[in-house]
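Chains here go by letter, A, B, C, D, E and F, matching the order in which they are written, and residues are numbered from 1 within each.
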Amino acid sequence: MPDPPRPPKRATKPRDGVVGPVDARQIPRYAGLGTFARLPQSGEVKKADIAILGVPFDAGTTYRPGARFGPQAIRQASRLLRPYDPALDTEPWSTQQVVDSGDVGANPFSIPEALAAIERDIARLLAAGTRVVTLGGDHTITLGALRAVHHQFGPVSLVHFDAHLDTWDTYFGASVTHGSFLRRAAEEGLFLDGASTHVGIRGPLYSRQDLVQDAELGFRIVHCVELDTIGVRGAVERIRARTGNHPLYLSIDIDVLDPAHAPGTGTPEVGGLSTRELLALVEGLSGLNVVGADVVEVAPSYDHAEITSLAAATVAYKLLSLLALSRS
Amino acid sequence: MPDPPRPPKRATKPRDGVVGPVDARQIPRYAGLGTFARLPQSGEVKKADIAILGVPFDAGTTYRPGARFGPQAIRQASRLLRPYDPALDTEPWSTQQVVDSGDVGANPFSIPEALAAIERDIARLLAAGTRVVTLGGDHTITLGALRAVHHQFGPVSLVHFDAHLDTWDTYFGASVTHGSFLRRAAEEGLFLDGASTHVGIRGPLYSRQDLVQDAELGFRIVHCVELDTIGVRGAVERIRARTGNHPLYLSIDIDVLDPAHAPGTGTPEVGGLSTRELLALVEGLSGLNVVGADVVEVAPSYDHAEITSLAAATVAYKLLSLLALSRS
Amino acid sequence: MPDPPRPPKRATKPRDGVVGPVDARQIPRYAGLGTFARLPQSGEVKKADIAILGVPFDAGTTYRPGARFGPQAIRQASRLLRPYDPALDTEPWSTQQVVDSGDVGANPFSIPEALAAIERDIARLLAAGTRVVTLGGDHTITLGALRAVHHQFGPVSLVHFDAHLDTWDTYFGASVTHGSFLRRAAEEGLFLDGASTHVGIRGPLYSRQDLVQDAELGFRIVHCVELDTIGVRGAVERIRARTGNHPLYLSIDIDVLDPAHAPGTGTPEVGGLSTRELLALVEGLSGLNVVGADVVEVAPSYDHAEITSLAAATVAYKLLSLLALSRS
Amino acid sequence: MPDPPRPPKRATKPRDGVVGPVDARQIPRYAGLGTFARLPQSGEVKKADIAILGVPFDAGTTYRPGARFGPQAIRQASRLLRPYDPALDTEPWSTQQVVDSGDVGANPFSIPEALAAIERDIARLLAAGTRVVTLGGDHTITLGALRAVHHQFGPVSLVHFDAHLDTWDTYFGASVTHGSFLRRAAEEGLFLDGASTHVGIRGPLYSRQDLVQDAELGFRIVHCVELDTIGVRGAVERIRARTGNHPLYLSIDIDVLDPAHAPGTGTPEVGGLSTRELLALVEGLSGLNVVGADVVEVAPSYDHAEITSLAAATVAYKLLSLLALSRS
Amino acid sequence: MPDPPRPPKRATKPRDGVVGPVDARQIPRYAGLGTFARLPQSGEVKKADIAILGVPFDAGTTYRPGARFGPQAIRQASRLLRPYDPALDTEPWSTQQVVDSGDVGANPFSIPEALAAIERDIARLLAAGTRVVTLGGDHTITLGALRAVHHQFGPVSLVHFDAHLDTWDTYFGASVTHGSFLRRAAEEGLFLDGASTHVGIRGPLYSRQDLVQDAELGFRIVHCVELDTIGVRGAVERIRARTGNHPLYLSIDIDVLDPAHAPGTGTPEVGGLSTRELLALVEGLSGLNVVGADVVEVAPSYDHAEITSLAAATVAYKLLSLLALSRS
Amino acid sequence: MPDPPRPPKRATKPRDGVVGPVDARQIPRYAGLGTFARLPQSGEVKKADIAILGVPFDAGTTYRPGARFGPQAIRQASRLLRPYDPALDTEPWSTQQVVDSGDVGANPFSIPEALAAIERDIARLLAAGTRVVTLGGDHTITLGALRAVHHQFGPVSLVHFDAHLDTWDTYFGASVTHGSFLRRAAEEGLFLDGASTHVGIRGPLYSRQDLVQDAELGFRIVHCVELDTIGVRGAVERIRARTGNHPLYLSIDIDVLDPAHAPGTGTPEVGGLSTRELLALVEGLSGLNVVGADVVEVAPSYDHAEITSLAAATVAYKLLSLLALSRS
């Protein structure tokens, strides 16, 4: 008998009629068109439970640009994924129909127009009963996703993995950038009171007021360094206590990882999470009511050997597992 | 009035009903699924004049492997291509229906089985009236393509751009590798007598007999260093004189380029062509009766900034132009 | 007696009181603060003949971003430059006072605001009698520079080294991007009639009309491939014939170089110039009345071993030589 | 008095007549021919206790190839190793004669022939009383080593560090690849019952049956994520409990490390071990009866700054220490 | 209310008249001249409390050279730093005047002359009441800094973060190299008795005597592997117990980090610290009497995505925080 | 009949008893110990006509260090070389016994000691009738080689391929560096009057006097830019006219190549030779009386895909061919 890391009861079951990825025994994993995990495109199935949606956009970046190439890099790395997730004992694309809905045609020269396109495309999917895992793009895009989710589900609990608060105010006169979108979202009332958490925060800030103002916006923080004392388990407990049964939007900035694990990002911050910690934290949210999720800020021109995009692809896979388990 | 590099007469005309690439004004070129030049997949059109076909296979490699990732790298670089080729005054995907037929499921553990799959897939396309531009993969795959072409067209003239002759004999007991496939092809009678040419040959050989035996197999050589004396024009004349009106198979090993221009390849050889020379040589073959073509030996893990795959994508684009002009 | 490549008569003379770079015999070239060629900052001298001005801006980029890091990369590579230019027999920073004026604070989220800042900063320098060599940034920034030059000098002749025409029209609703700024500049009347030339154009276009419209805007083209027939000398003659004694603005997009020579750029196009050709072309413009100049589109995250930024730094050095000789 | 991490009693003693590496005080470590740790080649000593043997072979790879360049990369990185291992308080090449036996001439086009050559070369060394540390090469090669070890020692306990089980069945008709060799080895009866352990397993599987079948073949698993609860110490106890005093073959796939620590490998899997954990785990096996060992799957074209090959070289050094201590 | 990782009492206060960095809201962080954190140069303020001083020197390197490019790489990465350090609740460049004093003109061909220049420049700053954070350069340079510190403060306690002891003896006849400078410093009496500690030591040594001799020179060791048992907290306690209230010199060789976190260094050693551990260890020294500090051995040509130089810049920032807190 | 680039008469003949490289049909070229071209080590044959000798030394470098890793990188790239050189119609290691003599143990901390070791090791080989092809190492090492050659052959003609003159005077008090060694050699009388030539010179100089003083030392220059007018043929004629039948030392600094062709070097200079030009120039010296030769300044940490070291290996191969033909 095997000794898997999690109890062996089967949480989910392959469902009839679900169209899965290209068979790796017919077409090697490095071959064939690069949809996420080589899953079907939207046009190939009648109805989808979950859509992977790319948002190649980086005009909200304040330091290293390049996240516009994130979606294709994550898709490329996702070729290595396999159907069964032993940590969560589920088969995320057998028990629900997952499709790759391609990329939003986000205007690279206008943040408002890009946000409108993102909001429109995601709202359309949500209205059709399809939940969405978005692949960024810089973190600005999450505002479009949050607005669409708000239309469908009302205010949500946010769990936000990031090295940075992203609640700074305007920058060079731009009200929405990858460093300020969360302040805008809070101001727009997109979040439930007392239900949202930043995880993995670290590094220098502009001022002590950054923390004060962030708290005033309603967020609480699990600082990265706290993991050394409370552990993954303690962090999960704090997050779950705040989110409860509320609809949950999960936003993962890949720079929550240490630059050793995710060099390919725009605003690296040393002292971060390992991929092992991040996966365990995300797995710890199993069973929560996930209504939307994203992985953002993969900038492949700074990556090497695809390690950042592989981390992002694996996180996206975990998000599919969470969605499978939150729907069962 | 503009002063284009070639006479302004319009050789080809956009054809009704042809489905072209995704519109770059709706979806930026870095976005959307990565078919070649973002052209339609085979299933999206009724009939194709030309198919782009990937062969992710590198089990015939003798030095640096990695060409199995060539097709996807070339497709990624092809996002930068635009519809109008001023050098040949044609629009290669408006005047003929071009599709991306995806990748052959080539067995990575058996050269004979891989060759059979390549031959079968290409033969099927040819039988349906679709000519094929193959993206390698290591050079071994060309034998499969040549066999399929032979079924449809009989013996052909070969124009072979390469740093190496590829007419060596068995290596470690394998009769077909990327260094010996042309000897096998010649032995199988796939070529017309006196009609085939190697272009760009250079570098050390195993023995003086290599040249003797290659000549006995019926090939003639335009050595790379001869370009310094006869020029692109002279080389083109020698090639055209041998090929004449015969059906032509055009095989381009990216290592015909200098390593400065194509570092991402398996058997680099210094002293090679510049991309400017290679494009001019290929353009010089305009009007010939091209019945098949390939670009091979792109090994992306040795590339940087995509310069090798961009060279290959641009060469593939030229092949589409040649096919447009050879059919008009 | 030496045998230099150019006649030995001394065109320029070191001038009294000029402040030069840090002495490489006291502080090794890899040390010390990284102004261009380790020249003085603007505050360190009373009056400057020439200012090097960085414009770290890339929000007008349509494909690979990253040129915002161009100025600092070019400055870093400029550490290798030495005081005497034997090809033009001049000492570009001994015979005129050259300073590094730092970077324009260009708004990364608003092309119009960034252009206004560029125009304002350059206009101020020109008004003080200082000519400016601008380091990009993406090519959009040249519009700001051209506007400032127009204030001071009226319409100019443009010599534009580039793989691309940059006279396309709006893209995603943005009227000014790095692919359209020259159309805007022409529409604004910034150029003299019949005096401007594109050099190094190559690669696929969107349509045959691109060439027609470009010609209607008043440009003429030295296509890259023409260098194989008319040579550097012929190209120089055609450019000089059009520019004559008019005030000349010289804009050099580093992608005029082949990707082998300049991988670190946003829109690479194979089949380009070698650095040897580019330097010879620029040297061929010696004696013309240069009133402004720039080097743009260096995107260091795609560079390796600094070869692109070294090419750009050396081109910027040649621009200083041209300015020295055009003022003597 | 120093405070070393392990008790100071000296476990091993330099032996007379042992030929060690080139003296780093005469020939700097970056100089001289690159045998492992600059140790003597086999021809230079009469008899060897331990041989380092390279197997440059990667035809069994299912994703990124390139491990054929692993042995030379590991040797290059091994230049940094020094004679005394403080963690295990031993001098692995002073107390036993270690040589570099070069590389097996493994046929790159035939997995069976390559396996036969590996088996033959190792068997010959074992028969002469020389134990072997093999440097891969992809993991397929371990089957050849296990067969040779079986001839000499009969069935063994296996401790297998890897992200993957490697007990999948045929792939593209090939019965032995780097993902299936352990199933073949188990079927051939090369392992003792109930004595073998996988360590570091993680990531998605093809199906839940993968775990069931693996257990049926007799393996037990220390999942990577379990290290967070049982620690290195707990893992070591579980491994030692299963291995006991049996002859032990130790096989270390470098992808057991996290991609941050080992980017240069063919099938990276995030969430892995750090090098500190891996070294501690290997050190924990001190005193066991090691009869053979390998380090495999280093693919240098995906490495940077040699960090993967340095990890592999240091692991190989630890294997020499284990062999020194298992023989004393 | 926020929940920061450290108690919220404000340890330091912004001081009147202090000149800080360029305002990131006027000039984006990727723009402008690259002083450390874009702080003022020495000439721009009257008096400095702290000077950042580069020492671009690597002639004492025994393996991979390139640390001469360290200071500029660290400065480049320091653009990402922000004013408020929440972990230590201080604003390191608001409460004290920090300047960038540029680079020492260290002779690349003479270790003694380079050491003399370093000693002279630092002594001059110390005599003026300015404490110095030195950016290497290879570790040899620390001897120059220690000598200057000794002039001003007498013998000090050393806390030395490093993978290596650096107390080896002469190498190729050179008495001072990056592997032997600490032995020289101890022989010169630069350290207090019983007060100095190495932290992070690991990896193979030349002989068991290395540890004995190092202890005889008066050092004690916190081995890297001990962190797994005593934790950061235990390590901090051991260090603080030895240093007490003595004047402290803090020297951080970036190779104390694991190569995954710091690939860009000359003598990488696997099994090292994560950046999270290193930052926590340095933060743990808060309140000690720091009289000098350095970060050395960043070799950018082996770095990627600036992760090593970002780690070094962040460590230098922490040193500024320690200095702010040690002076209050 | 083949049509080779050179007349088919056979200039040299395989000689009995010569020991060649490892057979690539038994041991693939990527396998086995990395002597140059996998030729025998010195100990394996009785007498050698030619020795390859590495000099891993870079303490004379003024900008980017790292050439100490040059010899091993060139050896690694030399695995791709084959026995027959069709351009010169010779088999350089069949007609003469070539061995790899390993590396000189050059002191990294003392230029004079390193030069003495180089001189001694080469002199010993020359005295035994073995000519030497030296692999650098920075260019400083050539002075050691020239001194040894002078002992054996008296003053020689020098043909020096380089971007730089290398006749600058002292730098930081060091009389011999890679930028001044040729001045020292000239002062020591190591060259024949009027017989030496620099080839490929380009780029900015410190002053116009650099050219004057170089000429006074007796050198003449073929400037890189002159190749555009006189061609390879004209350059060869000028070199041969000066060298005549004198004993010739051939020194090739890899930076004579353009950075596109040789990024991996310490002092790159744009506008350089292509590898095709360099090989043709070297081939043009066939038949001259070569008494010594070197290839220097390969700095692998700046290389990519081994293109610089492959260029150097191929140049070294050409030097073996020249030696074969100069002895026949």
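The rule is short, and it goes like this: a contact is a pair of C-beta atoms (placed from the backbone, for glycine too) under 8 Å apart; a residue touches a chain by one contact, two chains touch by 3 or more.
Small disclaimer: the values here were computed from a predicted structure and weren't measured.
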Original post:
Common contacts of chain C and chain F?
Top reply: B, E
Original post:
In terms of residue numbering, is the interface formed by chain A and chain C classified as same (over half shared) or different (under half shared)?
Top reply: same
Original post:
What pair in D-F, B-F or C-E shares over half of its contact pairs, by residue number, with C-F?
Top reply: B-F
Original post:
In whole angstrom, what separates the CA-based centres of chain B and chain E?
Top reply: 55
Original post:
Using the average of all C-alpha atoms in each chain as its centre, how far is it in Å between chain A and chain B?
Top reply: 40
**OP:** Just give me the whole-number Å value for how far the CA centre of chain A lies from that of chain E.
**Re:** 37
Subject >> Shared-contact residues (touching 2 or more other chains) in chain B >> reply: 28, 30, 62, 64, 68-69, 108, 171-172, 258, 260, 274, 302, 304
Original post:
When you draw the chains as points and link the ones that touch, which shape shows up: line, ring, star, complete, or other?
Top reply: other
Original post:
Okay, what are all the chain pairs that touch?
Top reply: A-B, A-C, A-D, A-E, B-C, B-D, B-F, C-E, C-F, D-E, D-F, E-F
Original post:
Which residues of chain D touch chain E in the complex?
Top reply: 1-5, 10, 25, 28-30, 79-87, 89, 91, 232, 258, 260-261, 274-276, 279-280, 304-307, 310-311, 314, 317
Subject >> For the chain D and chain B complex, residues of the former touching the latter >> reply: 58-62, 64-66, 68-69, 107-111, 113, 171-174, 177, 301-302
Subject >> Residue ranges of chain F touching chain C (in the complex, touch as defined) >> reply: 62-64, 171-172, 202-208, 210-212, 214-215, 220-221, 223-226, 228, 258-260, 263-264, 267-272, 274, 302-304
Original post:
Which of the residues in chain B come into contact with chain A in the complex?
Top reply: 26-28, 30-35, 41, 54, 56, 68-69, 71-72, 76, 100, 102-106, 108
